[in-house]
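You will see chain A twice below: alongside chain B first, and alongside chain C after that.
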Partner chain A sequence: MMKRFLIALVVLMLAGPVVAQSGPLRLTITDGVIEPLPFAVPSFEPENAEAAQVAADITRLVALDLSGTGLFREIPASAFISAHSSFAQTVAYPDWRAINAQAMISGAVTVSGNQLIVKFRLYDVFSGTEMGGGLQFAGTVDGWRRMAHKVADAAYRRITGEGGYFDSRIVFVSESGPKDNRQKRLAIMDFDGANMQFLTDSSALVLAPRFSPTGDRVLYTSFASGSPRINVLDVTSVGTRQLQTADGEMAFSPRFSRDGTQVIYSLANGGNTDIYRGDIASGASTRLTSAPSIETAPSLSPDGSQIVFESDRSGTQQMYIMSANGGDARRISFGDGRYATPVWSPRGDLIAFTKQNAGRFHIGVMRTDGSEERLLTSSFLDEGPTWSPNGRVIMFMRETQGAGGTSSLYSVDVSGRNLKPVPLPNGASDPSWGPLQP
Partner chain B sequence: MTILPKIALMGLIVITAGCTNPDRFTAGANDAAQAGVNDPTSPLFFNQTIGDRVLFAVDTSTLTDEGKAILDGQVGWLQSNADYLAIIEGHADEQGTREYNISLGFRRSNAVREYLVSKGVPATRLRATSYGKERPIQVCSQESCYASNRRAVTVISLASLS
Partner chain C sequence: MRSAGTYISGIGHVVLIGWLISGWGFSSEPLPFEVAEVSVVSSEEFAAMVAATTPQPDAANPTAPAQPQIEDAPVPIEPETAPQVVPTPEPAVQPDADTPPPEAPEPPAPQSDVADVAPEPPKPPAVEAAPDVIESPRPQPRPAPRVAPVAVAPPAPEADVADIVRDAVVPDDSAAAEVVEPAQTPTAPEEAATEIVIEDATPSGAVTTSARPKTRPNRPAPAPPSETTSASDDAAVAAALAAALAATAPDLPAGPPMTGSETEGFRLAIGECWVVDTGGRSANVKVTVAFSLDRSGKVAGDVRQVTAEGGEQAAVDTAFRAARTAILRCGASGYDLPADKYDQWREVEITFDPSGMRLR
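Here is the complex of A and B:
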């Protein structure tokens, strides 16, 4: 079952007046080559004996979150001149400047039963100032990873000026068994692969789960009836029901509208596949495309006004944009090869896609007018991008070649840097990145 | 929901029970199934002697002459064995994205359905669906395997087509 815990986020003025000066420490994330920003995280202070282990664990995870972005580089504790072992102590800025730590993160942890309180402060070493005020997060000891992610998100946000993505979850398909008898189950995990839990059993083939904008529900395609049908699953209760769609033989490729009340999806009838919009509560649906070609993989713009989708109306798969109410569509992809599975970025500026060309698969991005196409990856089979909540990172599935081929999840920075696998015990595919958790 | 008028032999029930699971009905499934190979009214005869599948070229749903010949055999069998229904399952090889391959598999199964209907099989006895690239029967990543995976399989069933 899903672990539930409440988090109270309390902003505390933990000490003294806020320094009026806004520190010059700012990492502007650009597409150019960047030098990772060096930072130091002295071990968070355990404020009581019970907190010792979890304080150490949280410290390590905060550092891992930040360095894992490729934007930050941790300075090892062995290089520290002063220990900063107490959260309350004055920061010895010269000692941190001497080891070129541009940012220093200090924290303290208290454990009371299963209650966990984490405090943190962020220091701009070269300005000799604190960045923002102290923050305190309260949660459970079991949920310590979320506390660490929240600290890392706050540090990331303050240094980059952009939203973080560490305290978020991803729903995906967990895979096991050989290629000709593959078992697939819906599963959910933290952004870093931790806390994986299954949401369905493997009794029916399931594909392509999609998180709701608030992360409370998941749309997915199930073959339980023998044909693809769209189901909606409540993440908390793990209850699931089949979504009512327009009459058709197969319904698949669903995504929520930005307000979570509607679904855009593909419906197939008589060999033809078109895109529909449906109301989740009433089941009423409207057909948005009517070409005899395959129209599928719709994704809404962040403002909900437009839909990007793929169609083979030109003869091969290409990407098109139309009004969210249907009507004329304009083609945006014109490069070599096929373009599929478009996903609108949360910032609205880019479309991520799967490109198939000359026997290779790529994950790429382009602007919404089709310009500035950039391929981020290349392999035998890369497919199905999903955006981090801040639009900086893309996760996707990579499948290896041959009889023993398996799928796994990878993430890559939108700049193309920092490609890395998500550590999971089983095969995995079809990730959908949920929102930052409250 | 359609209830079939007569359920013939117990042996057939055993055999067809194995047919409800796609692609799990190959030869040698059990002794009863083996006995059906020589019985022209058995689904096993359909699968093995008539031919339960047709293959497609890359990214197409056009029936080949060879495929049409197999489907002509399926028409004859379905007309002689009117108690049976068929689910036509379309499949794609792994060279393509998931959603597109579901649609492509459906184009293939629908091409088979339309052909069977055009030759006189009642549409009410046929249902088309697609598994996209999710159910390969050959697992290598070469054309030799892909060719077998780009298929539409006519799965004979006594079960109702709800």
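Here is the complex of A and C:
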């Protein structure tokens, strides 16, 4: 018996390698590299003389948008072998492969009076094919930055398979003056800090602006009446109106519902703070929590069915999730330290938060069940995360230490890479990232 | 007087020593290991680039931001792309300043109370008391814009970043006058780290706890031998032999099989060009692709997608494109494979599995 087993074993050992290599050679690769994808953007072709400058500007901004994500690396024009000077020109793929460009963007610009037309094509260099069809955008010369952002968004979407975030705006609190007498005004800017404009004056303290899902309105907390009240601001007309609350009540930390018709917010009354949902048109409100502890900073899930919020019901600030209609809440944060300002990702899979632990502040993310917590930043004071429309980037406020400390906005990729400041002339805090513009 | 046992012992020792000297059966290949990656990118570079685009807000008073109108449409020479006309957003109705906002009614009682006590955290599985482990600090990796399995030192300031490393070549004064070497800029691989470094967080790969090994269970009493067991063993052996021999029959490539180091070298060569976006949805997709190679090791024809699992179609497309680019990019000049084993690697099927690199 044993002898037969040994013979069978020997035969199988001899046959094994042969069996394993029958058919195609099969391999599994589990280790890749993490590096920016090289791309080339030859200068967009100006199709008339008036378009020369704006064509150059748009080319630069498209390249800047893509390389600013940290996912792409622009190959300088000095390395180009092939001069792709015409939009209709056939792409010389071997020349672009030789400089290791994996994607190439070709474009053309036409200016007629104040009318601006931008068209572009995107090429996958190594497969020698065009990615998607050509696209054309028509607008005004004044809006050339948005045209460039549109081109960059389309290229980003085709390469990564996910939506972009370049043609989006951010509302925030602009700060000036010393810490003990700081002037705060609502302001709005493009995602990259350009086109900043004020939405309110500095006569009253303002806090926590939040964009509506369509980007046409902003909710914010104003102290114009002496106590915190929630205002709705129309971005187009800059007109505001106050949501009604009873005397003695303090309303703050508002966010729009996903359809933009309701607002969830915190209401402090008689020393207790709970979360409410109110109808913007009728003013009717519903109380969602009733614990004697402080419940605040509610944020809705993308499908609107759940709310994540912070509460100190366990003795320290932690994050909880409950139904959008209220009810039992389950705690999701169990790490060391305190968790605050939770914000649900537009993708629905992650929750960004502020964490304070061991004298440091962090911006972090975790799964909606509380697992896989990752801290993305660490500093003296990091706070108030907000998600980009595609759920890929988080913007937040960072304040430096000391009496002369200033606050500014930073952004970081959800992977923890590409941490960088948003260039602004003044201090800034409380960012809220709006949707992609139509 | 030597006994038979002495002779047997002597022969046994000689065989053992000879085996150890010849080293048969021992592999000198080092054990494979994996390295976790982390890195951080400095923000100063971006700040310098974007500084030029920063506006200088001059509005002392708030004004409504301009809403440029943009409509996107297909390039005229591509009639298959449908025009997408985006309507200009209508301004929201401005509430009358004289009309007071509607009063909010008293908040009704909550529909249901929120539990005052947080649910108990999930209890970890019962583990025997772990011994105290002293955490050993790990050297802080240097931040670099590229993360790769092998760390690369920063290139020299005068060097260009390139895949091929070459030293600087300068004209040699001592050489014959008629041969003049042109000056050549040195190149070096791009700086790379093996991990993503996040600000001041000190990563530590040290194991903090480890479970005590479980005690070996008592050996069960051996079952008494029976005739039926012997018969089933014979049948199993015969079936296994038949299956093994049958599998070798049809599409067996000719030539000697690839060695482990040859396939590992091929695998690493492609992995070097496989760029994984760990924060993207394509990092959830495992894709298998197939392609053919000619005798020079170059890809012949297209890279085909065989299977994909773990994501939406857009993520699958992105994952496939990354795999195809890796194969084409690193095989542009032909893969270094043994020519006498061409039948073994003429057809290749590779599974790209990023699950180990996914963010956690």
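Criterion: the second predicted complex is superposed on the first by the 401 of 438 C-alpha atoms of A that agree within 3 Å, B and C clash if a C-alpha of one lies under 4 Å from a C-alpha of the other, contacts with A are read in each partner's own complex, and residues count from 1 in each chain.
In the analysis below, a residue touches a chain if its C-beta (ideal position, glycine included) is under 8 Å from a C-beta of that chain, and two chains touch if they have at least 3 such contacts.
All figures in this text were calculated on a predicted structure; none of them were measured in a lab.
Visitor: Does chain B (first) or chain C (second) touch A:Arg26, or do both, or does neither?
Guide: So A:Arg26 only meets chain C here.
Visitor: Which holds for A:Ala246: it touches chain B only (first), chain C only (second), both, or neither?
Guide: A:Ala246 sits against chain C, while chain B stays out of touch.
Visitor: Give one of first, second, both or neither to describe whether A:Met322 is in contact with chain B, with chain C, with both, or with none.
Guide: So A:Met322 only meets chain C here.
Visitor: Output check: A:Pro228 vs chain B and chain C. Expected answer is one of first, second, both, neither. What do you get?
Guide: First partner only.
Visitor: Which holds for A:Met147: it touches chain B only (first), chain C only (second), both, or neither?
Guide: A:Met147 contacts chain C only, not chain B.
Visitor: In the superposed arrangement, does A:Asp336 touch chain B (first), chain C (second), both or neither?
Guide: In the superposition, A:Asp336 contacts neither chain B nor chain C.
Visitor: Determine, for the superposed model, which of the two partners chain B and chain C contacts more residues of chain A.
Guide: The larger set of chain A residues in touch belongs to C.
Visitor: Given the complex with chain A, which residues does chain B contribute to the contact?
Guide: Result: residues 61, 87, 94-100, 102-104, 106-107, 110-111, 114, 127-131, 134-141 of chain B touch chain A.
Visitor: Of all residues in chain A, which touch chain B in the complex?
Guide: Interface residues on chain A, with respect to chain B: 178-180, 182, 205, 207-208, 223, 226-228, 249-250, 252-253, 266, 268, 270-271, 273, 294, 296-297, 310, 312, 317, 340-341, 354, 356, 380-381, 383-384, 399, 401-403, 405, 430.
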